[in-house]
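The chains carry the letters A, B, C, D and E, assigned in the order they are written, with residues numbered from 1 in each.
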Amino acid sequence: MLRGIIRGHIVSTRKQESLVGSKFMEVEIMKNGELTGEFIIAVDSVGAGIGETVLITTGSSARLALRNTNAPCDAVIVGIVD
Amino acid sequence: MLRGIIRGHIVSTRKQESLVGSKFMEVEIMKNGELTGEFIIAVDSVGAGIGETVLITTGSSARLALRNTNAPCDAVIVGIVD
Amino acid sequence: MLRGIIRGHIVSTRKQESLVGSKFMEVEIMKNGELTGEFIIAVDSVGAGIGETVLITTGSSARLALRNTNAPCDAVIVGIVD
Amino acid sequence: MLRGIIRGHIVSTRKQESLVGSKFMEVEIMKNGELTGEFIIAVDSVGAGIGETVLITTGSSARLALRNTNAPCDAVIVGIVD
Amino acid sequence: MLRGIIRGHIVSTRKQESLVGSKFMEVEIMKNGELTGEFIIAVDSVGAGIGETVLITTGSSARLALRNTNAPCDAVIVGIVD
């Protein structure tokens, strides 16, 4: 998994029906507690907000965190780091 | 997911039968709103056109956005960013 | 997907039985029409030859382009670019 | 798979229910026995501790090492290097 | 797939039960016939040894080359290059 800080929220009105209701967050990836300048867009599944440090799961495993496990999504925020 | 701007359209006449009718778009990837010079080729599923900013899902999850979920495709445009 | 130019052909006599008959091509990856110096090895599924520009699907989706969808293969040439 | 040294432990109280009880380790990746400064977060499945050198499996295969193979996890520590 | 040269053998006594009997090889990746200094750890499925040039399949497809297709493994040596 990846750790990162939520930097923003991306709005997409025209999208796949199975993604309606998904909140797309842009997350800056950290390594060993330091920011990297690399970013990923992930769907929130835990009620995380901008500025929070989160854990992200990528790939096909990410979908298991969504209510609709058939949504075409490859990255999900699965936890908030204390 | 990735965010990017559609830069072009790739034409392939000889291809896998299950990909006939797919529109292959070349997309320049952005991070945090800035262009990166990195590119990916994704099949459009939302009617996006050149110059539009889009969301892309990669990996096996991408196929869930296609009509034929058995098409050998690893990247799909799943939304247009407002 | 990736776009690239086929640079060579790799021969492997001792290999997994389910890969017998597969043609392994070494492909130089392009981005936005320019060569990158990066390479990937992909199994051909469309009769492509050295020097041709092709589309490659990677990951588990790649196998859907093969006759034997249980072959341990993670990259397949799925189209020839016009 | 990847080889690396466990550098720390990440605590996440608010997380996906299926990840409750998972121990998230931050691992510095090695190549050819040397440290790289690259990091990955992986769930422990073998009782590994900080400072140990471990093997990590990534992607959807990682979940096969967990008790709950439906947990949204993409990296698991599957062995301790002697 | 990737091509590379086997550089070493990694021993892990404490590991996931489904990986018992797996031979973990550290492989230096090549591109276009040249060494890159990048490494991956892959399970051997074809009886390859140190110094041999091999083909590696990664991701969930890799498991299809193993006897136990439920082993948590993400990279397998599937062929020896002639």
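One rule holds for everything that comes next: a residue touches a chain if its C-beta (ideal position, glycine included) is under 8 Å from a C-beta of that chain, and two chains touch if they have at least 3 such contacts.
These figures come from a predicted structure and were not determined experimentally.
Looking at chain D and chain E, no chain is in contact with each of them.
The distance from the centre of chain A to the centre of chain C, each centre being the mean of the chain's C-alpha atoms, comes to 31 Å. Chain A and chain D, compared by their mean Cα positions, are separated by 19 Å.
Residue positions of chain C with contacts to 2 or more other chains are 59-60, 62-63.
Ring order, beginning with chain D and continuing to chain E: D, E, C, B, A. For chain E in complex with chain D, the touching residues are 7-8, 10-16, 18-19, 24, 26, 28, 37-43, 59-60, 62-63, 70-75. On the chain D side of its complex with chain E, the touching residues are 1-3, 31-32, 45-47, 55, 57-65, 76, 78-82.
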